[in-house]
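Same chain, two partners: subunit A is paired with subunit B first, then with subunit C.
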Partner chain A sequence: MRVAFVGKGGAGKSAISGTFARLLARRGHPVLAIDSDPLPGMAYSLGLDRDDAPLPDEAIEDRPDDEEGPRYRLRAGLSAAEAVERHAATAPDGVRFLQFGKIRTDPRALFRSQLAFRQIIKELPDDRWHLVGDLPGGTRQPFTGWGAYADTYLVVVEPMAKSLLSARRLARLASAAERPVQVLAVANKVSESGDAEMVARRSGLEVVASVPLEPAFAAAERAGRAPLDLVPESAAVGAVSLLVDRLDRQPLRGAAT
Partner chain B sequence: MDFSGQVVVADLEAGVGTLTRLGEAGVDLVLIVVEPTPKSVEVGCRAAALVADKALGRAVVVASRIRSDDDLTMITKAFPDHEVVPIPDDPAIVQADRNGVAPLDSAPDAPAVQALVRLAEELVPSPS
Partner chain C sequence: MKLAVTGKGGSGKTTTSAVLARTLARRGHDVVALDCDSNPNLGISLGVGDDETERLVSMRQALDEGEEEHAPGWDQVLQRFGSDAPDGVRLAVVSRIDNPEPGCL
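Here is the complex of A and B:
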């Protein structure tokens, strides 16, 4: 499974993707969670206490002048899979967690880690991990290569006008992508009957999960804790579990069946 | 362009990316909107540091979706050197969002809207 969660900022991508990654790992799958948001997010919902985990300098080197490509690359001899094994953080339930660090004051400080991260997600082997990505809000990253590892985009949509508009744009961009990707919707913060149907109708996307608006889930966010740790019995966690059921039917791409 | 006598209000992209590219004379006031969650507070602190580093002007923290004294304390503790303006969590704002309408039109008397009206009045007093 190679999925990327996208959607408008604040829609709930991090909370859902972190919970999704851990529930998938609990089924015995090797899971790599990929966080390309320069703002804090997925680490908390995975249950990590450290949010900022850039790739270390020792894994990265300047690209030689006679070689084409971005200014920095993984150190010679270090493959993408090895870089993950050595440098990705380990989250609860055995989820490996890859990110390039978080913006503090000067975004240039992240360039080295960011370029190495881009190389890793481009060169990841097909048959090693299930991939669960959390992309930043909006439409910029998903279709400029940051979600290229995914074969399914899950658009997290709130039943609100602005969120629905973002979902429609993301769906349109996906349909124009160079290679085919499946785009599905996750209706989040559902509070009224008919919300999920409204999301389907107005986004034009198939809704594969309906996550209720629930104070307990929001409380986990306020506490900076993983919903799966703080409120494992909540209906929202249950809805994410159903989403895992729904999507956990495909073998790893490239794996022997 | 000459904006003298006018007020320009810009709604920047989420995060601090745009702030990092803003020039010194770009703005004279930055409103940092923060929710009572660790993630939001962390981003807000980075934004406040950038405003100070780049001498962008006055920074005011708008504490949004405040439900309790604890919520507000979480934010005031994180921004001890800033003015913090609380905006209550208000279903009227959520409902306006659901309907895709301006809260000022649909619920002008809602507590959150009133708090924002007072903030605007404090920042840019109406001509008397």
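Here is the complex of A and C:
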């Protein structure tokens, strides 16, 4: 599967996507977690102890003057799959973790890392990993640019006005996308009985998971720890597990069926 | 004064901006609230509602798509593309909600 979590900032994309990636890996699947957000996020919910895991300098080089394309690219001879094997961080449960690159003081270093990241995403083989992505908050370009690797988008929605409006915008942008994409909603921080139904009605999307508002889950986020490590028995982790059940029927794209 | 409110997603930028704008307006200042977020929700926190917030967004999109003429000065921009929020705050949406070009790349 190739899924990307989208939604308003603060809706819970990172916490849910990190948990989702590890639960999928526990079922024996090869999983590549992809963090495209220049602000901190997915690394913590995967259980890594640092947020910043850029591609190393040695994997990236200047593009020769006579070659078309962006200014930096993967080192000659290094394929996208090899770059992941060698340089992607390894998170608990065997999840591999690829990061767009975090905002830093030297913009050139970020630019190098980001261009190489984009090349990897574009050239990644279809049949090697399940992809689980965490996209930046908002509506800016999930269905093009950063999120183009996904075929299923999971919109994380809180039962609150701004989050619902953002979900409706994302649904609208998805229906205008040039390629067919599947867009589903994950209701998050649900606390009242009608919340999931309200998310469905006001976003216009099918709700495939309903994750409860839970102090224990929030405490894991506050501590910068993976919910799966700190509160594995929580109802919120249980709801993400049900979401994995629901989506874990899709084969790797391109794999023989 | 010219204030910009920034921070990580979900940390409360929009809510803070809206309360600041309306509080300043209640003290008698003329206040313009600019929503520079590419997912503009400031209208909701100011209290103009979903429909008016979306109307401002679609006006902004129409400008990019050449369906609306640009206004020649800042005051005309606010007049044509803005909306009145409670306490006399004038709200305008600055960014479009989708942009296929990922920043500087």
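As a convention for this text, the second predicted complex is superposed on the first by the 249 of 257 C-alpha atoms of A that agree within 3 Å, B and C clash if a C-alpha of one lies under 4 Å from a C-alpha of the other, contacts with A are read in each partner's own complex, and residues count from 1 in each chain.
Keep in mind that, in the parts below, a residue touches a chain if its C-beta (ideal position, glycine included) is under 8 Å from a C-beta of that chain, and two chains touch if they have at least 3 such contacts.
None of these values were measured; they are calculated from a predicted model.
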item: Which superposed partner A:161 touches (first subunit B, second subunit C, both, neither); value: both
item: Contacts of A:111 with subunit B and subunit C, given as first, second, both or neither; value: second
item: Subunit B versus subunit C as contact partner of A:11, first or second or both or neither; value: second
item: Touching partner for A:70 - first (subunit B), second (subunit C), both, neither; value: second
item: Touching partner for A:145 - first (subunit B), second (subunit C), both, neither; value: second
item: Partner chain in contact with A:173 - subunit B first, subunit C second, else both or neither; value: second
item: Partner chain in contact with A:40 - subunit B first, subunit C second, else both or neither; value: both
item: Partner chain in contact with A:86 - subunit B first, subunit C second, else both or neither; value: neither
item: Subunit B/subunit C common contact set on subunit A; value: 9-10, 39-40, 136-138, 161-162
item: Touching residues on subunit B, where the partner in the complex is subunit A; value: 13-17, 20, 36-39, 42-43, 46, 49-50, 53, 71, 94, 97-100
item: Touch list for subunit A against partner subunit B, complex; value: 9-10, 14, 38-41, 44, 51, 103-107, 136-138, 159-162, 221-224
item: Residues of subunit A touching subunit C in the complex; value: 8-11, 39-40, 70, 111, 114-115, 118, 136-141, 144-146, 161-162, 165-166, 169, 173
item: Residues on subunit C engaged by subunit A in the complex (per definition of touch); value: 8-11, 14, 37-39, 41, 44-45, 50, 53-54, 57, 97-102, 104-105
